[in-house]
Amino acid sequence: MQNTHIQINNLSKVFTQHILRGKQISAFKGVSFEVERGLFVGIAGLSGSGKSSILKCIFGTYVASSGEIIYCLENNTVIDLAQSSARQITRLRGSEIGFVSQFLRAQPRTTALELVARPLLNAGVPRPEATERAQLMLERLGISSELWDGYPVFFSGGEQQRVNIAQALIRQPRLLLLDEPTSALDDRNQSVVISLLEEAKQSGVTIIGVFHDRALLNRLSDKVITMEYGRLLV
Amino acid sequence: MITETAQKQANVEVETPLLVVENLTRLYGHGCPRCLELTGPETGTNTCSNCGTLVACADVNFEVYEGEILGVVGESGSGKTTLLRCLYGDVAPTKGQAFLKSFGNGRQDIFQASSQQARYLQDFVMGMVRQNPAQGLHLHITAGGNIAERLLAAEWRNVADIRERSGALLNRMEVPLNRMDHYPAFFSGGMQQRVQIAKALANHPVLLLLDEMTTGLDVSVQAGVIDLVKEVQRESGVAIVVVSHDLGVIRLLSERTLVMKNGRVVENGLTDQILEDPQHPYTQLLVSSSNS
Amino acid sequence: MLKDLITTEENYNYAFLDEGSKREIRRNLLKAVAIPGYQVPFGSRELPIGRGWGTGGLQITLSLIGQGDIVKVIDQGTDAGVNAANIRRLIERTAPDVTTTFQTSEATIIQTRHRIPEEKMQAGQLLVLQVPLPEPLRLVERSENATRRMHADKNYSRMWVALYEEIVKHGLLARAYSYPVMVNGRYVMAPSPIPRWDVEKLNNAEHLSLFGAGREKRLYAVPPRTAVVPLDFEDYPFTVEDFHGIRCQRCGAEHSFLDEITTEAGQKTYMCSDTAYCDEQVAKKVAEREMQKEFAG
């Protein structure tokens, strides 16, 4: 019975800019670490050290240049995400792996409430229940009911980030990837998010989070790994 | 630690695609042995310099899974529209096969279908929305009549039932019911497109093909149509292939995307990957040039 | 008498057309009978009648008549009209061993324009209809290639849409004549410009119906006992003309297709379109009255 949820083996990411005559930019190199189920692993490091890129490789947004991303599914079988097809990854996103980006990508004609309810609706939850749960989540994150029918594109940065977190956390995936999700939040809202994350952890969600706020990172993580100039410090 | 011996390749259930397209090729002209070599993204042309044949698309391979939205993006000459037209049966491909799960159990090549089978595919299995509403609608048959045509092909013979279903579809597409008996020739572009979508969905197709559906529409109208398509897709579970030159449209609609240039597929992957980490030089050029 | 003056020495073949032509037409008629409702193209011959005046129907009749045939020719229901009379005369002159009649039950072949006789035709009788426009889909599609493909694919949705649009526009199925029908469950056919009243006579008939379009060069047929069903909707069924409460002013018939006539005095009155039928009803009444007179006194 594996306890490891995800294991990164010697992962590297190099960007090849064909427009710049094939110039290569290395995001990170030779990264290896493992994350046990239910643990919160924080990745620390200055900007440009490659932390977000690791998350994006795991999620499939970036194509890993070399190395393995061994992921253990719910049924205990194992796949290498770096070698998986786009379709396989689409199927894993949502239920298995979730990603909280730094910025909210607003959708046309979609209210805040609808945006947060959407992941539940997609999973087949009936509308009344989905709506109710979305409302609770928004309330929790301090988005007043006045804003529920509003379009997030008009919200403040902090409000947008909270809506983003709401829609990512409402349906708890087994592995949650966090990319600087609280950067625009004030202290009070930050604590709300922290307690939400801790709850998620309690229910067994494995979390890999990138935070540039060292204090916050230390507070949330069970284990911290540090990146520097694209390499993992040991 | 996951040991080497413990690793086994995924038992993620092998998923059969709804549509498999293999080696789709369409030439205009008599062709010669050098056509494929002399055309494509490397040479930057669709025209064979040896014999003058136009290679609209060549060696196109892809899959579409049930309930998903696949984007196809490219500029003019990319072959994306030819791709759709071959799938829908407007033109016959020069080479290639395609298999649909709901046709002959996925074992019969739809490009070899008889004309009656082809009509069955067009009437019941697939729906198509064209860039120019004049090509997808009869502008001088009422909006309801356009939808009725599909129902009548499915042998509906009760006018009240036909009007109820047409009305429901138009209503779902946010076309006011009082326009049902009006002619699309007098509708706005956005409304014409919505009538097209309603018509395409009339017989519950499993696959919907959208060919530059939003091109030429005002931006605010585009957003409405896109949103409507997403809602409808969620409700009905129809699989969609959306062709557009607009990356913004692709980003909003599709989970996976094909990038085409000069008739070839140059990249095939997750939409966010294509937009944030494009691999092929052309894709990088396209993404960096986009202002959405 | 007049008949003695008629000669056939004018280098005209029997029944005007040469034997080769007749054989071709008969062959194509066999094809037509074999595929009910399907329009068979044929080489339409020159006749001493202008195109559009019944050359198709006439070619069929001329190809089929022989010794012992009894031919009736009507136009809009009447034998006495100018066109019917001229056609009948041509037949009499070029096929002297063929007799002509006004009586429906007596005829072996009935050539008609735009009506079917009221009296039910029997097995062994032939009905030949003159057709101006054989293609029922022409009103929704201009291209001949496209309409042929529609027939081949049994793709009649455009026709159905046209009927639907009629209902939307007028609240009913408005077509008054040449109402489109589905023959043998396979082909949509134009039954020639007969009124709706006559369409039912084609369905499951005892007789063979042959259709000829000379100008458009098409032949088609409905064999006996073949289903001929007008295109309609469950909630908008096909209906015939309503002559409720009206009868023929001349013979009193209630179940006959009536022509509306305005008298010189400006009054509207109705008379049977099928004049032979009307004559028979009148004769019957006269005979009845005679019989009654006999019994009375």
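So that you can tell them apart, the chains are marked A, B and C in the order they are listed, and the count of residues begins at 1 in each.
Keep this in mind: a contact is a pair of C-beta atoms (placed from the backbone, for glycine too) under 8 Å apart; a residue touches a chain by one contact, two chains touch by 3 or more.
Since the structure is predicted, the reported quantities are computational estimates derived from the model, not experimental observations.
Shared contact partners of chain A and chain B are absent. In terms of the distance between Cα centroids, chain A is separated most widely from C.
Look at where the CA atoms of chain A average out and do the same for chain B: the two points lie 31 Å apart. Centroid to centroid, with C-alpha atoms defining each point, chain B and chain C lie 51 Å apart.
If you average the CA atoms of chain A and of chain C, the two centres end up 80 Å from each other. The set of chain A residues touching two or more other chains is empty.
Residues of chain B in contact with two or more other chains: none.
Residues 2, 4, 7, 15-19, 34, 56, 60-63, 70, 72-73, 75, 77-79, 84, 86-91, 107-110, 121-122 of chain A touch chain B in their complex. On the chain B side of its complex with chain A, the touching residues are 1-2, 6-12, 15, 63, 65, 68, 223-224, 226-227, 234, 252, 255-256, 268-270, 272-273, 276-277, 279-281, 284-285, 288. Looking at the complex, you find that chain C touches chain B at residues 149, 152-155, 157-158, 160-161, 164-165, 167-168, 233-236. The part of chain B that touches chain C in the complex is made up of residues 115-116, 119, 138, 141-142, 144-145, 148-150, 152-153, 157-160, 162, 181.
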